[in-house]
Amino acid sequence: MSHNTFGHLFRVTTWGESHGAALGCVVDGCPPGIRFRRGDIQAELDRRRPGQSRFVTQRREPDEVRILSGFILDEDGETMITTGTPVSMLIENVDQRSKDYGEIARQYRPGHADYTYDVKYGLRDHRGGGRSSARETAARVAAGALARKVVPSMTVRGALVSMGEKSIDRANWNWNFVGDAENPFFTPDPASVPVFAAYLDGIRKAGSSVGAVIEIVADGVPPGLGAPIYAKLDQDIASGLMSINAVKGVEIGNGFEAARITGEQNADEMRMGNDGKPVFLSNNAGGILGGISTGQAIVARFAVKPTSSILTPRQSIDKDGKDVEVMTKGRHDPCVGIRAVPIGEAMVACAIADHYLRHRGQTGKAVGSRE
Amino acid sequence: MSHNTFGHLFRVTTWGESHGAALGCVVDGCPPGIRFRRGDIQAELDRRRPGQSRFVTQRREPDEVRILSGFILDEDGETMITTGTPVSMLIENVDQRSKDYGEIARQYRPGHADYTYDVKYGLRDHRGGGRSSARETAARVAAGALARKVVPSMTVRGALVSMGEKSIDRANWNWNFVGDAENPFFTPDPASVPVFAAYLDGIRKAGSSVGAVIEIVADGVPPGLGAPIYAKLDQDIASGLMSINAVKGVEIGNGFEAARITGEQNADEMRMGNDGKPVFLSNNAGGILGGISTGQAIVARFAVKPTSSILTPRQSIDKDGKDVEVMTKGRHDPCVGIRAVPIGEAMVACAIADHYLRHRGQTGKAVGSRE
Amino acid sequence: MSHNTFGHLFRVTTWGESHGAALGCVVDGCPPGIRFRRGDIQAELDRRRPGQSRFVTQRREPDEVRILSGFILDEDGETMITTGTPVSMLIENVDQRSKDYGEIARQYRPGHADYTYDVKYGLRDHRGGGRSSARETAARVAAGALARKVVPSMTVRGALVSMGEKSIDRANWNWNFVGDAENPFFTPDPASVPVFAAYLDGIRKAGSSVGAVIEIVADGVPPGLGAPIYAKLDQDIASGLMSINAVKGVEIGNGFEAARITGEQNADEMRMGNDGKPVFLSNNAGGILGGISTGQAIVARFAVKPTSSILTPRQSIDKDGKDVEVMTKGRHDPCVGIRAVPIGEAMVACAIADHYLRHRGQTGKAVGSRE
Amino acid sequence: MSHNTFGHLFRVTTWGESHGAALGCVVDGCPPGIRFRRGDIQAELDRRRPGQSRFVTQRREPDEVRILSGFILDEDGETMITTGTPVSMLIENVDQRSKDYGEIARQYRPGHADYTYDVKYGLRDHRGGGRSSARETAARVAAGALARKVVPSMTVRGALVSMGEKSIDRANWNWNFVGDAENPFFTPDPASVPVFAAYLDGIRKAGSSVGAVIEIVADGVPPGLGAPIYAKLDQDIASGLMSINAVKGVEIGNGFEAARITGEQNADEMRMGNDGKPVFLSNNAGGILGGISTGQAIVARFAVKPTSSILTPRQSIDKDGKDVEVMTKGRHDPCVGIRAVPIGEAMVACAIADHYLRHRGQTGKAVGSRE
C-alpha cells in the first residue's frame, strides 16, 4: 500500500478532504467487460450516507456519485461496461459548515490527528478534519461496490455485533434484518435495536460517544486466494480494515480467542463431502489457512474506538503550546462504528478482488479449480 | 506488500523453505553509513533459535547468519558499514529430518496450509511445511536487527503476556527479566514462570498445544511517522504482525477495549510539559493518532493460535479425497507463541524503519522536528 | 510503474478517455508546504493545448484545470499550499465529435491501438482512441507542473530538434525563442520556422503526417539523484518518455552516438573548479553516471513516430476479419511530435521529483550535499 | 521498479558486489509447475561468462549457479519443478583481485559511477566498481533463464549489430551463427567476424574501448500483452534495457527512423491471413501498438557506450578535490557491448514474462485468445 493507494492488481487511489470541493477515487486494474449501473454504486453509498437517523451525524450530504471514465455504455444507455481502463468516481461535498471549526484551527483535539498532522506536515486543513475525516471513506465504498462485481460468486456482508457495553445475541442473527428500514444500527439481531437505541440516546445526550465491534463475512470466496508470507489474504484484509479511521483492532476467525484454547479445540477438522468437495466441521480459521482461502466463509472483525469529537471538555494543548480545554461542537456521530459497517465490507471486498486477480495472474488457473 | 516482500523504502524480501538448502533475506533501501557487526544480527537470531528449552521444538539449527553483500568492512576488520546497496543474508538449514514428514505428503493436516497450498498451486513442498514453515521467520528477525539500527533513538521490545488460559500480572512487569536465562517464555513477570511451566508441561505431555498473546512496545519513536489513509503506521504494523504464521488478531493500544468504553474514557488528554514537549496523560491510542506516531510508546499486541501440529488425532482428508485421521509427529513447539516474541519485534522494527525513511522522503524534515 | 500510475514517492495516477466527460490525475506524495497558483498549472496546460495553430489538431479544448484537493488557500485567497495529501486535478472534455469516428468503430487503423485493444480487452472505447488518445497527456502536464515545484533549483525545458527530414541548426539554439508567439513548433532555432512551416504544410495538404525528435534538458538538478541498478535516473526518465504515445526511441546524453565512438572520446573528463565544485569538460553522459545525477544538465531525447491518423488510405482489416481500406478523417495533428514537447518536459520533471524525494528518504542528507 | 527489484508479478530482486563473497537474485511470483534443470540456468550464464575470448575481460569466474529455494525435485532427481514460492539463486565470486583497484579507491574514473556514488552515499565499495560492476548482470541472466520458461511459446534471441564504426550486413543475418563457437561477438553476420576482430584488436592494443548496438528479437509473443499508458510493453522493455550498465539509448521497432518518415511509410498495413489470423505487411512498430503486443516479433535495440575503464590516461579529480590523471588498469572488456547480448535477452524475457502474468491477472483470458 502506498500513501493513498491500496491493492496490487485491483488498485484503489482515493483523494479529497472533508471541506474541499469534492472527493473521489480512481479504480485501476478492473477487468474489462464487467457490467454495472450507476445505481449499484449509489446504493452502497446510500448505506454509508450520513444524516439517516438521529444516531449519526446530521451533516446532509447526498453523496451522489459521478462516474467519469473507464466504461462504455451498453445499448440500453444505462448499463456501464468496464473497458479495463481506470474508473474515476467523484462525489461533491455539499453541506460544509467550516465555521463550526473556527476554534479548533489552533487546538489539538484529544484522540484526533490534529497534533500528529501538525508535527508531521507543519500545516493542516483543520476544517472537518481535512483528509483524516471519515468522509474519505465514501470513496472506499464506491470502489468496493465495483470490487463486488469482480468476484461473481462472492457476497460480502457486515453487521455491528457490539456497541460499548452492549452486545447482540448471536442466536438471533438474521442477515435480512441488517438492512431493514427499522434498523438504524446494522445489527443482525432484531432484539438488540431497542437496547442499542436507549443506550446510544443516553450517550448522545450526555455529550459522550461510544465504540463498536463490526463483523464482516464474505461468502462464496473461491479456495486458493491469497499467498503465503507477505501477501496473506488475512493480512491484506487486516491491513485494509486497520486503515479505516478509528479502528484499533482486527481479528480473523476466532481471533484472540484462538490464543486461549488448545490445538484440538482450534483445529477445523475436515471430511469429504458428498459433492466431492471438502467439508470443514468448524470455521475457527475464518476461512483462511496459511494466508490462503479455504472456500469457507471469510470472517473478520474490527474494533472501532468511540468518536473523539465529544461535547464533554477534555484537557489538551494548542499550537502555541498553551494548555486548553477542548469541547468539540459540530455535527458528529455518537458512534462512528455504525457507519463503519459498509466501509468494512468495502475494504474486504477490495482485498478479495485484488487477490482474485493476483491468483489467476500467477497460476493461470480458473480460480478455485483444482485442475 | 508483494508476495515475499514487505516495506517501501526499507524493503525486505525473504526466501527459503523449511527443508531446502538454506533460507535468507535481501534488505534493500538501507541507508548508507549504518554500522553494525555480524554479532548484532546473530544475537537476535539466537533469541528466536529453536531447541533452547524443553518448551520449544527440539530441531537443532545453529541459525548462523552469513552476510553476503551491501557493506564495506571498517578498519577494525569486523564492523560492517552499509553502502546503501542490498544487504543479502543467508542461513543454512542443517538439521532436517524430512522422513518425519513421509505420511503427511498426502494428508491435509487441520490448521495447516496443506490443503490450501495444494488447491492454489497444484503441488507443494510438504517437508516441514515448506515455505509456510516458521523457519522463514528467521529471515525476518535478521532483517529486523538491521531495521533497529535505522532509527537510532528507537528500542523495540516484546513480551508474552498470556498463554492459553494463563496471563501475567502486569503489576510485575520487568523488561529486564524478559531476556533472563531462567525465563524460557519471554514473560516480563517473574512470578508467571512456574505457572506457565507447569501449564505448558501439561499441554505438551497431553500431545496438545496452546496459543498465546504477545505485546510489542517501541520506545523512542519520533512523532510524525506514518501517514493518513492507506499508509497508517498502525496499519503497516498490523499488516506485518498479521503476516506472521499463526497470528489471528492484532490490536494497537487498548485495541478491542476501545470498543467498550466512552469517548471521555478513551481520550488521551494532553498537557504542556516543562521541557516544551507535549505530555500525554494516558496512552490508549498506543502511540498513534490518525495513523501518525505521537512520540509516545508504540504498543501493539497479537494473538497466536495454538500450534496446529499435535499428537492428538484429528479428522481430515487426503489428496485423493479420502477421509483420514491425522496425527502429526515430528518436532514441534507446544506453544509457537513463545518464539513469536522476537519475530513480532522484528516486524514492528521494520515497519517503523520504513516509515522513518518515507517520512523524511516526503517532508525533508529532520524526523520529529516541528520546524 | 503500475498500469495507470508512475513514480514511487511522487506518484501520479491518471484517468480519462478522449470522449468521456473529463480526464484528470491524482498526484500523491507531494511534500507539504509547496506554494503554487492555479495559473502555474494552467500555463503548462496552455502550452500543450490543441488548436493553437494550423499545424496542430483543430479540436478546441480550453483544457481548464480544476484543482479539487490537497491544498489550503493562503491568506491572499489565491495561492495554494500543499498539505501533503493527494492533489486531484480535473479537466473537462468539451469539444467532442464522436460521430467523426463512426466508421472506425469496426475498423483497425494501422499504427493505432485498435487491434491490440480489442485482442487484449475484448472491447474498446473507439471514440477518439478512448484511453489511448493523446488527450491523456494533459493530465501528465498538470502533474509535471507540480513536480517542477518540488525541486526548487530545477528548470526543465524542451525543444523540437527535427521534424521528418528537416533538422534544426544547433548553432542557432535559443531557449527564449522556444516559447515565442511566432514559433508554432517549439523549435529553438528561429531560422528553422519557415523551413518546418513549408515542409509541414506540404505534409498536411498531402493528407500525410510526419515524425519528430524532441530534446529535454533539465538544469539545476542536484548531484546524487537516482540509484544504481533498477532505479537509475536515466532508466526512469526513459521509462517515462517511452510511456508517451507514439514514442519509439529514447536517448540519454549522446545516446546512440556513444555506440560509435571510443572510450577516450566518450569520457567526460573532470577538473576541480575554482568554487570547489567539480567541472566536467563535456557532457556525453547527459548528466547521469551509473544511474545517478552528476550535477550537470540532464539531457534526454525521444523519437515520435508520424501521426497514424492520415487521410491517405491504408490497407487493414475489421473486427469481422474482413479486408478493408482505412482513411482516417477527424481532426488530427500532422505532426504529434510538436505538442509532445511540454509532455516530455512533464515526464522528466516528474521522474526527477520522484528521485529527489527518494534520495532524501534513503540518505537523509540535504540533497546534493557531500556531508 | 524499486531500487534493486524489477517486475510486478514476475519480480526479480538482485544483490551483490563485484568483489563481495557472492551475488544472486530472488525471483518471486514464478508460476507453480514450471519444469527446469539447473543446466538451463547455467547455459545462459555460460553465454555471459567472462574470459571466453581475447575480446572480453580475462577475469576467470566459473559463474556456477546454486538454486536454493522455490522448487521440488521431480522423481528423476534432477528436474526442478517450481512451487510458486521465491526462487533464490546464488553465484559465488571466485577470481577477485582487489589490489588492482588500490589507486582508484580515491580517484574518480571518468565515465564511471565513482563520483556519483560518493556524492550520493558518502562512501562506496570501490573494488571492481562494487555494486555498479557488470557482474550484477549475471543475476539478471539467471532470472531471465527462468522467465523464458514462463511464456512457453516465446523465443528471445539477441545479436550485436554494430561495434563502433563497423556494422553488420543485415542481408547475411543468420540466427544460428550467433551462438557459433567461432563467433566471439554474438554477431548474426558471419562475414563480420574478421572485420570486428581486426577492429577490436586495434582498439584493445591502443588501450582504448568502443561501444556497440545490440538487437533483441522476441518471437512467439502472444498478442495482448502490455497495457496502455504507464505499463506499456515497450516502456517496460525500454526501462529494463536502460537499466543495464552503460546503456545510453533504446529503440523499439524502427525507433528513431520513425521520426524521419511519413505516416504512409510507417503504417504497418494488415490483411487477413488464410489461417484466420491477421497478417502485418511490415513491422515498423516492433510488434507493439499502443503499448500492447500485436503478435508480431518484438524488436528492440540498445546502444552500449564504450567501456569507461581504459588504459589511455584521462583527466579527473580525486576525493580530496585534487586534479589527477586516471589510467584504469585491471581486466576489462574492450567492448562491454559484446557480453550485453545475453543480458539484453534476459531483460526482455523478464519484461514479457511479467506482462504475460499481468495480462491473465486482469483479463482472466487465455493469453492471446480473442474469446
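To keep things simple, chains are lettered A, B, C and D as they appear, and every chain counts its residues starting from 1.
By definition in this document, contacts are C-beta pairs under 8 Å (C-beta built on N, C-alpha and C of every residue); 3 or more make two chains touch, one makes a residue touch a chain.
For each chain, UniProt lists the protein as follows: A, B, C, D = Chorismate synthase.
All of these numbers come straight from a predicted model, not from anything done at the bench.
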{"item": "Centroid-based (C-alpha) most distant chain relative to chain B (Chorismate synthase)", "value": "C"}
{"item": "Chain centre separation in whole Å, for chain B (Chorismate synthase) relative to chain A (Chorismate synthase) (CA means)", "value": "27"}
{"item": "Rounded Å distance between chain A (Chorismate synthase) and chain D (Chorismate synthase), as computed from the means of their C-alpha atoms", "value": "45"}
{"item": "Mean-CA-position distance for chain D (Chorismate synthase) and chain B (Chorismate synthase) (Å)", "value": "38"}
{"item": "Sequence positions of chain B (Chorismate synthase) contacting 2 or more other chains", "value": "2-5, 8, 14, 29, 32, 84-85, 120-122, 131, 228, 362-363"}
{"item": "Category of the chain touch graph - line, ring, star, complete, other", "value": "complete"}
{"item": "Touching residues (chain side chain C (Chorismate synthase), partner chain A (Chorismate synthase)) in the complex", "value": "2-5, 11, 13-17, 20-24, 26, 28-29, 32-33, 66, 68-70, 72, 81, 83-88, 90, 120-125, 130-131"}
{"item": "Contacting residues of chain A (Chorismate synthase) [partner chain B (Chorismate synthase), same complex]", "value": "1-6, 8, 14, 108, 110-113, 115-122, 131-132, 136, 162, 164-165, 203, 208-213, 223-232, 234-236, 238-239, 242-243, 245, 248-256, 258-272, 276, 278, 281, 284-286, 288-295, 303-310, 312, 314-317, 321-323, 337, 359, 362-363, 365, 368, 370-371"}
{"item": "Residue numbers on chain C (Chorismate synthase) that touch chain B (Chorismate synthase), as the complex places them", "value": "8-9, 29, 31-32, 84-85, 228, 357-358, 360-364"}
